[in-house]
Amino acid sequence: MWPVRVYYEDTDNGGVVYYANYLKFMERARTEWLRAMGVEQDYLVEKHDLIFAVRSAQVEYRKPARFNQLLNVTAGIAKTGKASITFEQKITPAEDNTVLLCDAQIRVVSLSASTFTPKPLPKGISMEIFGGN
Amino acid sequence: MWPVRVYYEDTDNGGVVYYANYLKFMERARTEWLRAMGVEQDYLVEKHDLIFAVRSAQVEYRKPARFNQLLNVTAGIAKTGKASITFEQKITPAEDNTVLLCDAQIRVVSLSASTFTPKPLPKGISMEIFGGN
Amino acid sequence: MWPVRVYYEDTDNGGVVYYANYLKFMERARTEWLRAMGVEQDYLVEKHDLIFAVRSAQVEYRKPARFNQLLNVTAGIAKTGKASITFEQKITPAEDNTVLLCDAQIRVVSLSASTFTPKPLPKGISMEIFGGN
Amino acid sequence: MWPVRVYYEDTDNGGVVYYANYLKFMERARTEWLRAMGVEQDYLVEKHDLIFAVRSAQVEYRKPARFNQLLNVTAGIAKTGKASITFEQKITPAEDNTVLLCDAQIRVVSLSASTFTPKPLPKGISMEIFGGN
């Protein structure tokens, strides 16, 4: 769970968070989730020529988030493949996590940073993330 | 079909368009499609207290768009309801519209700008957009 | 001093933070500085019809900030007027605050949120921010 | 002079264009100005290992630009050095170019894209841009 504050930069003329910006919040939460697993993405690029790219996103916008609101963003794994992770993500107000503002299924693939072709996660990292044996 | 040039602002560290920014491109195309129908959104807000908000988005990222590339973005109607429009949108390189970079189904609802509750399109505007009798 | 992590959303094709995005980081730091003074901007708009707008910005980009870097952003007052505050702001790497990446003088004016004409800060708030007697 | 339409993505909660986004508009105009001179920036990176980076920006925000407004953005050269160009840029409403919304002096330096150290423009390109002998 990652806290995100809504600043002016995130809002639009309608007085609420601009719809594309929820995807930024979700990517921050995925990044911090990976970091908590010990995975730094700049290291992945430099040492393993590996980059994550979003392959698909299904987003439900249920209630608007507003200027100055403090949000919580979750990132949980729904499914994994050899070179892909599907995240299930939810955004709620920080003060009440029963109110769902926005949720999404985000499928991320791991690619070679230089060729943009699919490339499985290195085994050590894959185990750090997914555990297993 | 709306042309969009990829500038630095749209790209990220991976050398391609950042995934949230395709949603900006698509919103530009929807806005211009509405404008071509005679619908100006600032007028809708001021005269009709009406605002469009995205309710859901399903986005497939198929191939990356790159810095300085000229893109075409389409906006077609897949389905309409009393207070909603589902758009089918595609992004292709301007020089080859058979190469699909990104496509999406975007469901937009019309809301009261002041209360954010559903509000059907005014009849005249609805007819301009959807034709019919 | 406010910590800011550099995410993909902040970077561009050049592999560094996009130049406009440093202004976002600085605005976050100003917002948090105001919050620390007890000033919530959504409250200012609703109760006092007051909004802050940037009137001018002088920004020096000295060294690039990079993807995944943790930054510190400062916000100090350089000068104040009846309806304006000039901030002096600096961005440094979190691990070494002697390396200046970017610094700026940002002049902010307080406006009526409804008319966008200058409007002095309410006295109570002005004292909270600037102290004095 | 480059036309820019203000979309939702550009605005904020205050109902006007977010202050950092004027810098995006200005960069679009600089890019199109270079393109008109025959300079494509992706070509510069690939063939000449050359990238432009903003070194400093002085921006005056005079009047707000609003949602759905059509703007014109100019990019003129104020000064040039061996590895730098200072642009003078103005943003006006498309329907009245005597109303100045925002203007700026933007100093851009040419860098090696791989090392981020100053690198003069190739002579041919320099002549295309600046003319001279």
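For clarity, chains are labelled A, B, C and D in written order, and residue numbers in each chain start from 1.
Everything that follows uses one rule, which is that a residue touches a chain if its C-beta (ideal position, glycine included) is under 8 Å from a C-beta of that chain, and two chains touch if they have at least 3 such contacts.
Quantities reported herein were computed from a predicted structural model and do not represent experimental measurements.
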{"item": "Topological distance between chain B and chain D, in contact steps", "value": "1"}
{"item": "Pair with more cross-chain C-beta pairs in contact, given A-C and B-C", "value": "A-C"}
{"item": "Taking each chain's C-alpha mean as its centre, the one farthest from chain D", "value": "A"}
{"item": "Whole-Å separation of chain centres (CA-atom averages), chain B against chain C", "value": "32"}
{"item": "Rounded Å distance between chain C and chain D, as computed from the means of their C-alpha atoms", "value": "23"}
{"item": "Approximate Å spacing (C-alpha centroids) for the pair chain A, chain C", "value": "26"}
{"item": "Residue list for chain D, restricted to those that touch at least two other chains", "value": "8-9, 14, 20, 24, 27, 67"}
{"item": "For the chain D and chain A complex, residues of the former touching the latter", "value": "8-9, 11-15, 18, 20, 67"}
{"item": "For the chain B and chain A complex, residues of the former touching the latter", "value": "14, 16, 19-21, 23-24, 27, 51, 53-61, 64, 113, 116"}
{"item": "Partner chain A, residues of chain C touching it in the complex", "value": "5, 7-9, 24, 27-28, 31, 40-42, 66-68"}
